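Okay, so here's the structure we're looking at.
Note that the chains are named A, B, C and D in the order they appear, and that numbering of residues resets to 1 at the start of each chain.
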Amino acid sequence: MSDPNLSTTGGPTTGGPTTGGPTTGGPTTVGPGPVLLRLPADPAMSRVLRLAASGLASLAGLSVDEIEDLKIAVSEVLVVLIEHGGGKPVDVTIEVVGEGFQIDASTEVIEFDPDDPDLRLCRTVLGGVCASHEIHVDDGRARIRAVMVRSH
Amino acid sequence: MSDPNLSTTGGPTTGGPTTGGPTTGGPTTVGPGPVLLRLPADPAMSRVLRLAASGLASLAGLSVDEIEDLKIAVSEVLVVLIEHGGGKPVDVTIEVVGEGFQIDASTEVIEFDPDDPDLRLCRTVLGGVCASHEIHVDDGRARIRAVMVRSH
Amino acid sequence: MSEFASNDALSVQIGDDGSIVVAGEIDMAGGPVLDAAITPRENDQPLVIDLAQVSFIDSSGLRSLLEASRRAHTRGTVVQLRHIGPEVARLLEITGTTDQFEVTLR
Amino acid sequence: MSEFASNDALSVQIGDDGSIVVAGEIDMAGGPVLDAAITPRENDQPLVIDLAQVSFIDSSGLRSLLEASRRAHTRGTVVQLRHIGPEVARLLEITGTTDQFEVTLR
């Protein structure tokens, strides 16, 4: 006895798309909207961000391997923006988009060189877990956009 | 062989207070600053918020029971603001303050009565897990402040 | 046991004895899933809900249980909460609603 | 085994054989903790780091390991990463740094 319609998590006030979980086998749907975290520039926030990201990922029905990659991606984004940022809060937006996950993150910077050799290891890792990523400085803020594509 | 100074999690760019973990037995310190989450008004965000909150709580050295209470508190705050809100994003700020944790949350509302009998169960639960809580409407937004006091 | 409904944090199954077996977290997203499992099973017999595997419950989950209890009382029967753990017990205690149910501990 | 240092997500202990036994998540907060455990143990013998209980590593953790490897090479010795799991293996692979270490799998 199984009724896939019951797997929706929509509540009384939300008329948005359903977020069926992995066990129900429903179609992969786009999530309810972006989630923003504004985090103090403290290395300990890395784990807080990973926890939030993995909650979102499991909601979106990502596989265990995909969740691991998303955790790596958000951690690298934070390494770049905390270790090379100006010590001000870091904004991280995670959104389920059609083909996967998009991470947009930024923080105020004093001096920031997107081609700094110290960023090479982070970029290599981001390149390994993301379909694409881009780091640039704009209006006194370093900004990173990383896109992860789901395998299903 | 044990050097408690090594338990600090401060990185290169942060000169803030240390965030010693529970296993090091150091003094309980106030955290690095507020963490803000802006969540879509979707019931599925409840678990994402609990994950982030429990990460923060374990960072702050809360006990397992205190972490459970914080998870309940943030869930209730979200019940109030999503089930009685206007469907717009919900902002939740969690901060380690001197005596414990403070949760400040708000969302745009259309009609919202802080004394709505439908809020009684949430209030009873918040009253059970928090030292104090307050719900009011201000400038078209429902706002909740809840304070949890640590037992140590 | 047959799978009834779930989301990524909650699963509801129907036990071979007709009990409703819940596992995971019953929050705002889970309350409606639980409601949907309870309603078609309501009759003049005690409604048995096994909560042994429930690791989190908030007022949304409790509300489902309380409403089921209220409906059960109007049918002259009860809701039995089986094998509740400390998380469920704490919420029942805080809200003073333990006596709305027949409760057995985990 | 003696406790060396930890934060809430990472513990570093020194094994009876002098190996550095890491458990938990090696991220931006954990990298410095690991550095502090490694540095005083550097000599002309292979430096053994047991990663069996490591469930997460990012470039911060890898950087600590790579720097230890580089320093070991200048001393004419190596860093041995023992019992690495899939998370560590994946990061070594992505970065093409597996050959900087003597690696045994979990």
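Here are some notes:
Operating definition for what follows: a contact is a pair of C-beta atoms (placed from the backbone, for glycine too) under 8 Å apart; a residue touches a chain by one contact, two chains touch by 3 or more.
Because the structure is predicted, anything quoted here is derived from the model rather than measured.
The greatest centre-to-centre gap from chain B, using C-alpha centroids, is found for D. Look at where the CA atoms of chain A average out and do the same for chain C: the two points lie 34 Å apart.
With centres set at the average Cα position, the gap from chain C to chain D is 46 Å. Distance between chain A and chain B, defined via averaged C-alpha coordinates, is recorded as 21 Å.
Spacing of chain B relative to chain C, judged by their CA centroids, is 27 angstrom. Multi-chain contact residues of chain B, defined as those touching 2 or more other chains: 9-11, 19, 42-44, 47, 50, 59, 82-83.
Residue positions of chain C with contacts to 2 or more other chains are 7-9, 28-29, 31-32. Taken pairwise by the contact criterion, the protein chains fit none of the simple patterns, being neither a path, a ring, a star nor fully connected. By the document's touch criterion, interfaces exist between A-B, A-C, A-D, B-C, B-D. Residue ranges of chain C in contact with chain B, taken from their complex: 7-9, 25, 27-29, 31-32, 56, 58-60, 62-63, 66, 87, 90-91, 93-96.
Of all residues in chain B, those touching chain C in their complex are 42-44, 46-47, 50, 68, 71-72, 75-76, 78-79, 82-83, 121-122, 124-125, 127-129. Chain B meets chain A in the complex at residues 9-16, 19, 31-45, 47-48, 50-52, 54-56, 59, 82-85, 87, 89. Touching chain C in their complex are the following residues of chain A: 1-3, 6-11, 19-24, 58-59, 61. Residues of chain C touching chain A in their complex: 2-9, 11, 14, 28-33, 36-37.
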